Amino acid sequence: MRFVRYVAALAAIVLIWWILSALFGGGNILPDPVQAFSAFGASLGTPMFWNHLAASSGRVLLSMALAWAAAFPLGIVMGSSRKVDAWLAPFVFVTYPVPKIVLLPVVLLLFGLGNLSKVLLISLILGYQVLVAVRDGVANLNPRYLDSVRSLGAGRLDLFREVLVPAALPHGFTALRLGTGTSVAVLFFVESFATTRGLGYLIMDAWGRLDYRDMFVGILGMSLLGAALFEAVNGLEHVLCRWRRARIR
Amino acid sequence: MRFVRYVAALAAIVLIWWILSALFGGGNILPDPVQAFSAFGASLGTPMFWNHLAASSGRVLLSMALAWAAAFPLGIVMGSSRKVDAWLAPFVFVTYPVPKIVLLPVVLLLFGLGNLSKVLLISLILGYQVLVAVRDGVANLNPRYLDSVRSLGAGRLDLFREVLVPAALPHGFTALRLGTGTSVAVLFFVESFATTRGLGYLIMDAWGRLDYRDMFVGILGMSLLGAALFEAVNGLEHVLCRWRRARIR
Amino acid sequence: SGYARAQARDPVRMGILPVLDTLPLQVAIHEGFFERKGIQVELVSFNSALERDAAMQGGQLQGYFGDLLNTLLLVRNGIPMQVLTVSYASRPGRRMFALVGRPGLDAPSAAAVGSATVGLSNATIMEFLLDALQERAQIPAGTWKRIEVKKIPLRLQMLLSGQLDLAVLPEPLVTLAESKGSRVYLTDGDLDLPLTVVCLRRDLLESEPSFGAKFLAAYEEAVSALAEHPERYRELMSRTCRIPPSLQATFPMPAFPAPGLPDPARVDQVQSWMVLRGMIPERVPYGNLVWRSPQ
Amino acid sequence: MIQPAATGYRKDSESETVLRADDLSKRFAANGPGVLKSVSITVGGGDTYAVVGPSGCGKSTLLYLLCGLLHPDAGTVRYRGEPIVRPHPEIAVVLQDFGLLPWKTVQDNVALGLKIRGVPRRERRQKAREMLRILGLAGTEDRYPSQLSGGEQQRVAIARALVGDPGLLLLDEPFSSLDAITRERLQHYLLEIWNRFRVPYVLVTHSVEEAVFLGKKVLVLAGRPAAIVEVMENPGFGDPSYRDKKTFHAMARALRRALDRAARGE
Amino acid sequence: MIQPAATGYRKDSESETVLRADDLSKRFAANGPGVLKSVSITVGGGDTYAVVGPSGCGKSTLLYLLCGLLHPDAGTVRYRGEPIVRPHPEIAVVLQDFGLLPWKTVQDNVALGLKIRGVPRRERRQKAREMLRILGLAGTEDRYPSQLSGGEQQRVAIARALVGDPGLLLLDEPFSSLDAITRERLQHYLLEIWNRFRVPYVLVTHSVEEAVFLGKKVLVLAGRPAAIVEVMENPGFGDPSYRDKKTFHAMARALRRALDRAARGE
């Protein structure tokens, strides 16, 4: 059933796309979807496509893991401790809007031209999102839960493990879900230097060559990557937040 | 006190910046902060700076309003109705990761080179974030609240107004808070065409000239804009979510 | 799609990039040369070729400034661009593009650099130039490792901080790099190539037969104004062509060729290169590519 | 103390059927254990029911079914002849966990039902204040529920149910968090409302005394799945001084015995 | 029925002071109304307290102060001589709103205190299951709290408090959502624990009978800000059949009168 609905959604998108491409441009602005999908299908058989996909997926997955590892605990600490929050929040709020793109030269200098710089940039941007979402979520936690566990003699670590982490998980997952979109967008930016692998590179390069076939192969690949990441986050949440499925009445 | 902490945060950032700029580049990669701030101070006296700031602020504010107006209600509907969600979610999840940058030709075609295209692109990207966050938030709402109000004979509209909207507000605000960063980043992208006004343009233009003074005037201006938006969202939340301040014990 | 200009009285919009080669267009606007010829022209600036091409395809522009390569790609994609004039061609003793070394790289010549990394952007005139320069300097194709860095300022920063050994850069950044201790190894000076061009849509040129001539006349006026009083336009250049602050007072005012069509042999050379790399399936006939005054 | 409000309590003839539930069955998971089995109940115009039974037997579930917040797997519920598929504005419910909205002040929580029915702002605020005063909560109008004690929250929920002049009241342990004196005050208040306006109600309670004092009929629910194992007529009901009568104590003893029997599974 | 557990209930000498609170005062907002004023209480090794008082007078607040979840504006609390500034693992609390974690199963909620103290997984699960069985909740181990009835949730909270062999119990209306029979069973169970292990407790309740049955001393809290207006010694306490004695009813009547006096503000 879920699958049927995904197919329906895809069909609707293709229809809109087809209308748009028929109305304007006759392929100059948007290739027609039949062409695009057949090109996509053909490229699925080439190692070139899988090569790009693997490069991008690897970067994004690693970045998501890094961002989560750093931002999730920090977000919990900020959300749960007024004292820490009071000092760190201004720091976060002042640096959050700094466009990370301008940090590129510094990051490159410190971490070289390779994948490390790319991964760090994505996780920097993603990390902020996880941080803010988790912090807000934890700050809104009903304090009764904390009281209740504190009354059992729980220390900081227990509160963290038994209350704060499970309460923050859904918020972290929402941020991660949002982050799949952001990461994919940032791929463009980080795959525009010092690499010839990755879907971002594929799209930008094809765009530069005005090669729409390749460009839409890249775009479809990226949408696929995004949807897969999205579903992966959903799956993870399904497993880790089991209690959320228990509500019936 | 809040002010003191902001100043402390700024001081820490400047210190790190100063160390980095002293260590590397000698101004090739990072100007030293004293220079940058004095340039910023000087530019505050010029109408040029305010002109750029006004252009960017206008675009961002309008986009945030648009994104909110479209995505907040839709998010609530998706979060609260399994039926609607089942059909719309795949649509959202498939289109969410499509990098919006590739829609540029289509958007330009439909809405021209002016501010409308720019504003629509920002709100498109922002809107998705609000949508996903609000949908997730509403889906996690404790169903007892709905039961309770339903038992008073509430219709769909009443539930919407009395339960779903207030329950979704904090999530919407979190998304908006996250969105301030995203919008500022997207400014770069939309202010790189058909305009010579806006902080995004200022930064890119200065970068192209490797004119660090102007570039950091732009960056500081953007950080300022971001922080102001952030605080504005906080303020709005403070006013609209008054009950959240009532928890004491 | 047609070109979106509701009325003949609406200005013709030209997409430009903030580079030196557009100076004559800026001068023509600044001095009102177009108006005096009875045509309305508006310059719309873009940050990079990608966005400019998107607007071109979206039908928002009727003309543009760009490189020859890009023009051929647009034509291949069914956008009927016609070259009115070369805006910059390389000439001996002048340089617009150069292969620059990082500060501290003390190889005396390009050939002596040996294995090294070179930053450039693929599928642009820069790649074409690098091929041509390397061939002329007789440096084998695989000697340098090419690293794609699309954003030019980033490329310069990476060069200056030593993460790239070499980079292909345009002016005025070549001069800037030189001032920071870089050595200039190869330049486009004597390649004799038409690098950048000014184009308009064919449908515009055909529906208003006198437009092309008027446009060229105004353009010519701007070129000669520039040649006569170069210093008068220094401020305009600094403002519109991204001149680094340290060079604004000293950077030599460039000289531009009088309007003219590119040399067919040179266009052919570019097209061969593109066909070889699969960027265009076949050559565009020279006659379709350029606009000639009907008389 | 009680003012007949503008919309007016309706006084049904004693014989009219207000609520009729037939053969209700319910289980939560498709293959889980049954919670209720074949429960039928008919509430007439002058009726009041007290429902007692062991913890976890399904009393709250029954109320949820009666008001339309849950749907039975089998059986039907009708309110004045109308099938109940969703909550009816004339049926007021006090939920076991109060169901107050954390984002509304006490006053706005109480006035919510009126707001939903379109009562103008001034009028509904005034009514809400009045009801809060009656329930001993004057002065808490502008606080949020999280700033009240448990018993105070419960009284807010009661106020919310009563303020709308309902045609039927469903009360799930409405006085459980109240001290003996407040509790007796509110029991008397409920009886007073019934005596004046004959609003029928179904009250779930754990207190035998409360069941006998407030139920014209007392239902004992027990078993797994639960069924009505006993229906006791309570002829003394309705007299505010019933508590001091011999018949009251006899009735209470009888109910205790019935509960004991039910607990032993007879 | 009750097994002395591995960690063992400690049996204090009757004279030892377990908990001592001096002159506690509390207000919630800096310039808000006072909630408690100069409340002192000393819980000895063999003591049990029942606290009664009007709804909203500050009973829960007092318990919060005693266990260190809230800090008094003035006064101190000491547990076995140690000042209480944060909750002490030996003091078990049953909160009025149960305080169960929605993300843990029933079993894990009960075992949480043991987990925090580092009891190995198998042992704590086994203890939790046993305690659930005693409280009549066998079979609900793997459900989540939202899938339980109100009374079942309350029993889970009681199980959580009892499973850790506490040195002092603070109970805020622990039996309020239970039916009469379950309630009496659990009252007896609490008394049995006390009789065997002499775990002192402070119990907040609204039921006069419960207070008299379970409190060696009965405190009446009243007033605004609330103070202890009456301390009643209850010499009959401790006898499981106390309820059937004359002295029980006399005591209950006396307490009712004291509450009446308090309600009238004398």
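Each chain gets a letter, A, B, C, D and E, in the order it is written, and its residues are counted from 1.
Please note the rule applied: contacts are C-beta pairs under 8 Å (C-beta built on N, C-alpha and C of every residue); 3 or more make two chains touch, one makes a residue touch a chain.
Going by UniProt, the chains are A, B = NitT/TauT family transport system permease protein; D, E = NitT/TauT family transport system ATP-binding protein.
As the structure is a prediction and not an experimental result, all values here were calculated from the model.
K.L.:
Treat each pair of touching chains as one step and give the shortest count from chain A to chain E.
P.N.:
1
K.L.:
Call it same or different for chain A and chain B: same when shared residue numbers make up over half of all numbers used at their interface.
P.N.:
At the contact between chain A and chain B, which are copies of one sequence, the residues are largely the same (over half shared).
K.L.:
Using mean C-alpha positions as chain centres, tell me how far chain A is from chain B in Å, no decimals.
P.N.:
The mean C-alpha positions of chain A and chain B differ by 17 Å.
K.L.:
Just give me the whole-number Å value for how far the CA centre of chain B lies from that of chain D.
P.N.:
The computed centroid separation for chain B versus chain D comes out at 48 Å.
K.L.:
Indicate the whole-number Å distance between the mean C-alpha point of chain C and the mean C-alpha point of chain D.
P.N.:
The answer is 83 Å.
K.L.:
So which stretches of chain C touch two or more other chains?
P.N.:
1, 57-59, 157, 161 - these are the residues of chain C that touch more than one other chain.
K.L.:
Can you pull out the residues of chain E that are in contact with at least two other chains?
P.N.:
Residues 28, 64, 69, 97, 147.
K.L.:
Return the residues of chain A touching two or more other chains; collapse runs of consecutive numbers into ranges.
P.N.:
Answer for chain A, listing residues that touch two or more other chains: 24-25, 29, 105, 109, 147, 207, 247-249.
K.L.:
Looking at the complex, which residues from chain A come into contact with chain B?
P.N.:
Chain A reaches chain B through residues 2, 5-6, 8-10, 12-13, 20, 24-25, 29-30, 86-87, 89-91, 93-102, 105-106, 109, 125, 128-129, 132-133, 136-137, 140, 143, 147, 170, 173-175, 177-178, 180-182, 184-185, 187-188, 203, 207, 215, 219, 222-223, 225-227, 229-231, 244, 247, 249.
K.L.:
Please name which positions on chain C make contact with chain A in the complex.
P.N.:
Its residues touching chain A are 1, 49-50, 53, 57-59, 73-74, 76-79, 121-124, 147-151, 154, 157-158, 161, 163, 279.
K.L.:
Sort out for me which residues of chain C touch chain B in the complex.
P.N.:
Where chain C meets chain B, its residues are 1, 13, 18, 44-48, 51-52, 54-55, 57-60, 152-153, 156-157, 160-161, 173, 176, 180, 242-245.
K.L.:
Touching residues of chain D toward chain E in the complex: what are they?
P.N.:
28, 52-56, 60, 96-97, 136, 147-152, 154-155, 173, 176-183, 206-208, 256, 259-260, 263
K.L.:
Across the complex, what residues on chain B touch chain D?
P.N.:
On the chain B side, the touching residues are 144-145, 147-155, 158, 162-163, 166-167, 241, 243, 246-248.
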